[in-house]
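Next, two complexes with subunit A in common: one pairs it with subunit B, the other with subunit C.
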Partner chain A sequence: MVERKTATVEVDLSIPVQADLVVLARLAAATVASRAGFGVEDIEDLRLAVEELCLSLVGTRADGRLHLSYENDGDAITVSCWYEAEAAVPGTWGGEADDLSLRILDALVDDHGRGLRGDGPSAWLCKRRSDATA
Partner chain B sequence: MTDGGRSTGEEAKALFFELAAHRDPAVRDRLVTAHLGLAHQLARRYANRGEPYEDLVQVASLAIVKSIDRFDPDRGVEFTTFATRTVIGELKRHFRDKGWAVRAPRRVQELYLELGKVTETLSQELGRSPTVGELATATGATEEAVLEALEAGQGYRTSSIDATDRNEETLASHIGGDDASLDTVEDRELLAPAIAKLAPREQTILQLRFAHGLTQSEIAARVGISQMHVSRLLAASLERLRKSVTEADVDADVEITQVEVVEVDVKAEGAPDQAQADGAGDHAKGDEEAGSEPTEPTEPTEPTEPTEPTWNGEQEGRAAS
Partner chain C sequence: MDQSFKIEEVEMDGVPVVSASGEIDVATAPPLRDRLQALTTSGKSTVVVDLLGVTFLDSTALGVLVGALKRCREAEGDLPLVIREPRILKVFEITGLTGVFPIYESVREAVGSVK
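Up next, the complex of A and B:
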């Protein structure tokens, strides 16, 4: 029987936009999901999805910070992410998700969306446990 | 979520209904061809992680075929969503089977190798994917160590194939022999006997082309025949495989189309280095509706190694450091 930890947990993470630090975003997601009793397949999906979320927000930019917020309510994990550029580029939003990103997220998580937060792009995803009852 | 190509999407849906009703191979072929672009896109996305790009394309293409065969248009799910999930699942499995480029301390490598086996065993026992806690209990490791090992399994460098697990089995022993990429074909079982019936030289050419990713010209130089001759032998071999499989089983359609899939690669290699001039990084924009253009076959546009100036690409740079 999978142990369920139902208390809502919120974790915030802020990382510089550097390729070698995306591991922190993935690890945080995996850890939160693991604590919630997610199976490894779900965790693997979540890892890939979080990476895709980050990738889709920063594109080719290598400046600024990514802010991530993980919320676990026991049966679902919501990851919100927003990008804070060091300097806004006029006319450039920087977070235009390509179609493939959307497809990948469609495939990996139960729900996701995009928007703006301050001057920067934001996005979120929600992954429910495979064995969770609807 | 994907909102482009509404009309072509409807057209694809109509084809899927037609396929479901009549199982017409011609319709199936049209759908496969139309969706190969998606296989290339996804393979490119997960390139730079220690596995040859062409291997990823092959795995992804097979997954597209599998998706088409399993897709039920009555369920109201977009095919591209369904297929993307299948392709990613197959790519994950491929990376897992190949050791997903573990580059980590030895203890982590050992644990990662062990986790692969334990996960498989527990999945069968439990009828679901095991949790990290269950893996930790089964391996005697802490949950943190399991998470660390799983993360290491998503590394981006090729591991030492000499790393051994606790049973002193090396990663190499899990990978197999020289024809590792061809295993993706042979593992389908149906093609293996047919391949075995080919002449040794034809088998060699198939292996050089599809397992090692050599171009026809490179194969020609290595085997000592002309590129045209290589082309003819490849075509003949594929045709013989196609016939063998057709005679073998109804399910052989999967393998037949796989052959066709890889043959597209062969045709595409006539334009050398076109990927470099193809706007790498502007991924998915050029062929973003490849998955929904059933009437105009989408020629895979980037058969060569991709470059992607995104985090993936940067990770590759990190890997080299």
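Up next, the complex of A and C:
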């Protein structure tokens, strides 16, 4: 399920959309960040941010697959995430929990955004190492 | 560190105290929601939620706590939280919820505030 690559893209992950498997997305984030030399605080921030990224895409859905790509350029990690539904779903977001997710992402990562990939919603985030030079 | 999720419930000076430990996420938040909902529907308007053993908490968990707080306040009660871990407190701070929940550093202090 986890594929290691060389150079920039380090890890691709594809998981079924099940509540008890989202932990794999944050586990992969922590592993990539740890290997990249991120500190404990940054790793914990990234773990939570990736969780929120996934939640903001799948909401309460329990079908389809979530695809994640973790890219490390040394000083920053970019995580791209997209949702592949079994049936067509609108790529929309909203709700109180989504508002909390956005607030968490705003606070914990340097940049994040949303879009569409194919027929499904996608989102990404970028987290720089706290001790990285600009 | 044991990351497995557990919920325990005790009563202290007549106040129900729900203690959660481990990681509260999209998979483990529903049992917490059900436990809090059961208490409020059984007539408990104030419940102390002890998060001292919690190691991870996401927006799903926050949603569960906000929902429980609303039900308690509607019944003229409250939902004091017990948090000491800076990482958990940080999640409440960045979402602006430290101004919404009464937050204490010990269960004794939280129970004392609502007696």
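The rule is simple: the second predicted complex is superposed on the first by the 116 of 134 C-alpha atoms of A that agree within 3 Å, B and C clash if a C-alpha of one lies under 4 Å from a C-alpha of the other, contacts with A are read in each partner's own complex, and residues count from 1 in each chain.
Going forward, a contact is a pair of C-beta atoms (placed from the backbone, for glycine too) under 8 Å apart; a residue touches a chain by one contact, two chains touch by 3 or more.
Predicted model, so just to flag it, every value in this text is computed and none were measured.
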item	value
Three-chain arrangement built on subunit A, subunit B and subunit C clash or fit	clash
Subunit B versus subunit C as contact partner of A:S130, first or second or both or neither	first
Touched partner set for A:I104, first subunit B, second subunit C, both or neither	both
Subunit B versus subunit C as contact partner of A:A19, first or second or both or neither	both
Comparison of subunit B and subunit C by subunit A residues contacted	B
Partner chain(s) touched by A:A62 [first = subunit B, second = subunit C, both, neither]	first
First (subunit B), second (subunit C), both or neither touched by A:A30	first
Which superposed partner A:E44 touches (first subunit B, second subunit C, both, neither)	both
Identified clashing stretch of subunit B versus subunit C [99-107, 117-125 or 225-233]	99-107
Subunit C-contacting residues of subunit A that also contact subunit B	19-20, 22-23, 44, 47-48, 51, 55, 100-101, 103-104, 106-108
Footprint of subunit A on subunit B - complex, ascending	1-2, 4, 38, 41-42, 45, 78, 80-82, 84-85, 88, 92, 119, 128-133, 135, 143, 146-147, 150-151, 154, 281, 283-285, 288-289, 291, 309-312, 314-315, 317-318
Contacting residues of subunit A [partner subunit B, same complex]	2-3, 19-20, 22-23, 26-27, 30-31, 34, 37-44, 47-48, 51, 54-55, 58-60, 62, 98-108, 112, 130-131
Residues on subunit C engaged by subunit A in the complex (per definition of touch)	23, 25-27, 56, 58-60, 62-63, 66, 87, 91, 94-96
Of all residues in subunit A, those that touch subunit C in their complex	19-20, 22-23, 44, 47-48, 51-52, 55, 96-97, 100-101, 103-104, 106-108
